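Here it is, the structure in full.
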Amino acid sequence: MLTILFDGVAYGMLLFILASGLAVTLGLMNFVNLAHGAFAMAGGYVTVVLMQRYDVPFVATLPFAFLVPAAIGAVLERTIYRPMYAKSHLDQVLFSIGLVFMVVAAVDYVMGSQQQLIRLPAWLQGRFDIAGIGIGRYRSFVIAICIVLTIALQYVLVRTRFGSRLRAAVDDQQVARGLGVNVGVIFSLTFAVGSGLAGLGGALGVEMLGLDPTFPLKFMIYFLIVVTVGGRSSLIGPFTAALLIGIVDVAGKYYVPQLGAFLIYALMVAVLFLRPQGLFAVAR
Amino acid sequence: MTAPALQTIGLVKRFGGIVATNDVSLTIERGARHALIGPNGAGKTTLVNQLTGVLKPSEGRILLEGRDITTAKPEARVRLGMSRTFQINQLFQSMTALDMLLLVLCEQRNLGLKLWQKLDKSGDLAREAAAIAERFRLDDVIGEPIATLPYGKQRQLEIAAAFAARPRVLLLDEPAAGVPEAERRDLLATVADLPADVSVLLIEHDMDLVFRFATRITVLVNGTVITEGTPAAIATDPAVRAAYLGESLDA
Amino acid sequence: MTMALDTPRPALTDLVGKTLSRRRRWKLGEVVFWGLTAAAPFMLPRGMLLLNEVAILALFALSLDLILGFAGIVSLGHAAFLGAGAYAAGLFALHVNADPLTGLVVAVLAAALLGFLTSFLVLRGTDLTRLMVTLGVALLLFELANSFSTITGGADGLQGISMGPLLGLFPFDLQGRTAYLYSLSVLFVLFLAARRMMASPFGLSLRAIRDNPLRASATGVAINGRIVMVYTIAAAYAGAAGALMAQTTQFVSLDVLEFHRSADLMLVVIIGGAGWLYGGIIGAILFKVLQDAISLATPQYWQFWIGLLLVVFVLGGREILHDLLARSRAALAKRISRRAP
């Protein structure tokens, strides 16, 4: 029972890291990027390829799982994403679904459609007992990394100059430009970091979520749920929503496996019906 | 004794800590030519939005011909006999002027849920659309897409669409705002020609229009009614002068 | 009343009346188009199966056009209604009665009921919430169909459907001739109904809601009621498409509820242009022809090209395409006017 709770928390934390980039681009920049999962998948494949083909240890692949998707994100933001900011949500949706379809087919072509497996180092395998509760080593590792990242993210957004500039740029681009904020660079950087975090989440998730070319489609809805249900005005909302979803999903799949993801979707539809602005949205 | 056309009793609207409408009690008599004036930010639009049901008042009541409409939906108020124009054009950009008039006429006749109705076989719809187009000097552009109409014609259509709903109370929200001088005369003439049995509340910034049109004027400042009276009385009221002087200094 | 005293110039009334009846009249292009669809079995006797798919996709796209093109409601989960119709028709044929038309009616009613119930979810909110909610509903149905495999056949699909002859006279043949003519007839009848509805006061009010909800309600339009109505109708149309799919292929798989159905459908409607009823049909023809051509070359990676098409389309292809259309229309008009004395 408590093990399930623990697994749920680990899953939720991972979801939050995966979705945090989307929480910023969708929540703050109001840009719908359904292709967010593609960056996560990129991170996952970076880790897989480094480990399988070049024998790089798992932990050492993680920085690359961040950097490669971040670089891809920065390039794509500069080239094709930027013209999308001003378009309607419908256009953004069509555009990013198009990207997802392309990525799914392309990765299938290059990497094959099979599930990718990695061998975790011995010190991350197995579980240990605390007061009779079985705790997975790897899940503890994931939770630890996610907590550090979450705190860092919150700190950057709220406490640093970069964070205040980003918030200014989001609130009113004209005014921010007038104040000497380079809005273009801020957005590129934000997009890149969001993509990088997704990549890192994807790498961490290979063991927990699995990895195959349909990853962006399979988890797209989860990321969106985290952000839309969490509300788009802060990071606290998506964080709480991610934990909630992680726990409900793990518990649901354990106790009523025949329902599959039904519970999560029902939860989302209900929340959006009752509170279209999200569960934790603050009225502005 | 018949009830007034439109009446508000102790209307209050708060946004967070800000009081945008402060205890406004207003009476529009039947057949009135009543103007509501006030400097920018006086809360005129907030008041109109409560009268028409876009905003819900925090306190107070709104009566249309004696009937309480405080919580009625915007479309219900139209059915009950009150319609409005918008300060900033709110037209159906993909339609022609004719379509927009037809839409209002159909809704007015409760045809809106008739999925099978043919527009050209709906009684005197065509005749009435033509009559309204003529009255508001839209007859020469009736088949044109709204998006391509000159601004003055679009303002005329704003009023024509509100008028087509056959209101007994008509709210005109700055009808002449932004209309170039050449088209302004036409517009003022159509406003002056509105049938006498339609009670009109004119919300206006343009003093020239107000004093030419209104027989009664209410002055709103900071959400509060500071005075009400005939044009002559308002013109000489020191409090009104102070309010407007303050504004011109700000501007 | 004052209005009754207003008598407009008779010429103006006449002009308005003529405009209205001219609009309702059939254009030459329309007649030619439907004539061609009816003649297709003779021109393309080997393409019946593909044509049947086109007709069904066109009906499905017509359904999305009703809510997206006319009422401005975005949806990423329109497959929910296609699936509802397909499973309803399949189960009905399997367990109750194999008559196609009865099954069609049952499927339409089932999908309409689902549309009515879920319409309340799209009343409020922004485009984004609507996209999410519709997507969520479709995913819910997918999970349900997957879980209740004793009823739906789960991942194996609903097998063993065997349809009776159409009207008791025409059995479904292997070449797909009956199937195509059946699907085409249903498409045509529902198209006629849609054409009439969209030209009615109801259709006018939908366009008003799409253009400007604020003004629509200030004009007396009760927006929620209209949305419930059009959403239910659109769901019924999609249900009919689902029923045709189940009946003419005699098989229903979970695939009818997949996300890519809804996403592809968006592309279909957007290619042809939303909001004029023919957009979905033209889009369906282009889409299917394209799909057929590409999947001959690379069957596995067809999705890649669909994706590319979407990306290019949004990035600027749409403007170019519509510009091209407008220019060729202008050139045509010029040629015609030159020929006139």
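Every chain is named by a letter (A, B and C) in the order it is written, and numbering of its residues begins at 1.
One rule holds in what follows: a contact is a pair of C-beta atoms (placed from the backbone, for glycine too) under 8 Å apart; a residue touches a chain by one contact, two chains touch by 3 or more.
What you see is a predicted model; the values in this text were computed from it and never measured.
Asker: Taking each chain's centre as the average of its Cα atoms, which chain lies closest to the overall Cα centroid?
Answerer: Going by the distance between chain centres and the overall C-alpha centre, it is C.
Asker: By number of C-beta pairs in contact, which two chains lead?
Answerer: The chain pair with the largest number of C-beta contacts is B-C.
Asker: Which whole number of Å gives the spacing of the CA centres of chain A and chain C?
Answerer: Computed value for the inter-centroid distance: 35 Å.
Asker: With chain centres taken as the means of their Cα atoms, state the distance from chain A to chain B in Å.
Answerer: 50
Asker: Measuring centre to centre with CA averages, how many angstrom lie between chain B and chain C?
Answerer: Measuring from centre to centre gives 40 Å for this pair.
Asker: Touching residues of chain A toward chain C in the complex: what are they?
Answerer: 32, 80, 83-84, 87-91, 93-95, 97-106, 108-109, 217, 221, 224-225, 228, 258-262, 265-266, 268-269, 272-273, 276
Asker: Please output the residues of chain C touching chain A within their complex, sorted ascending.
Answerer: Contact set of chain C toward chain A: 74, 76, 120-121, 124-129, 131-133, 135-137, 139-140, 143-144, 146-147, 259-260, 263, 266-267, 270, 300-304, 306-311, 313-315.
Asker: Mind pulling up the chain B residues that touch chain C in the complex?
Answerer: Chain B residues touching chain C: 52, 54, 73-75, 78-79, 83-84, 86, 90-95, 98-100, 102-104, 106-108, 111-120, 122, 125-135, 139, 142-143, 161-162, 165-166, 195, 197-198.
Asker: Can you check the complex and tell me which residues of chain C touch chain B?
Answerer: Spelled out, the residues of chain C in touch with chain B are 1-3, 6-9, 12-13, 15-17, 19-21, 23-24, 196-197, 199-202, 204-205, 207-208, 210-212, 214-223, 225-226, 229, 275.
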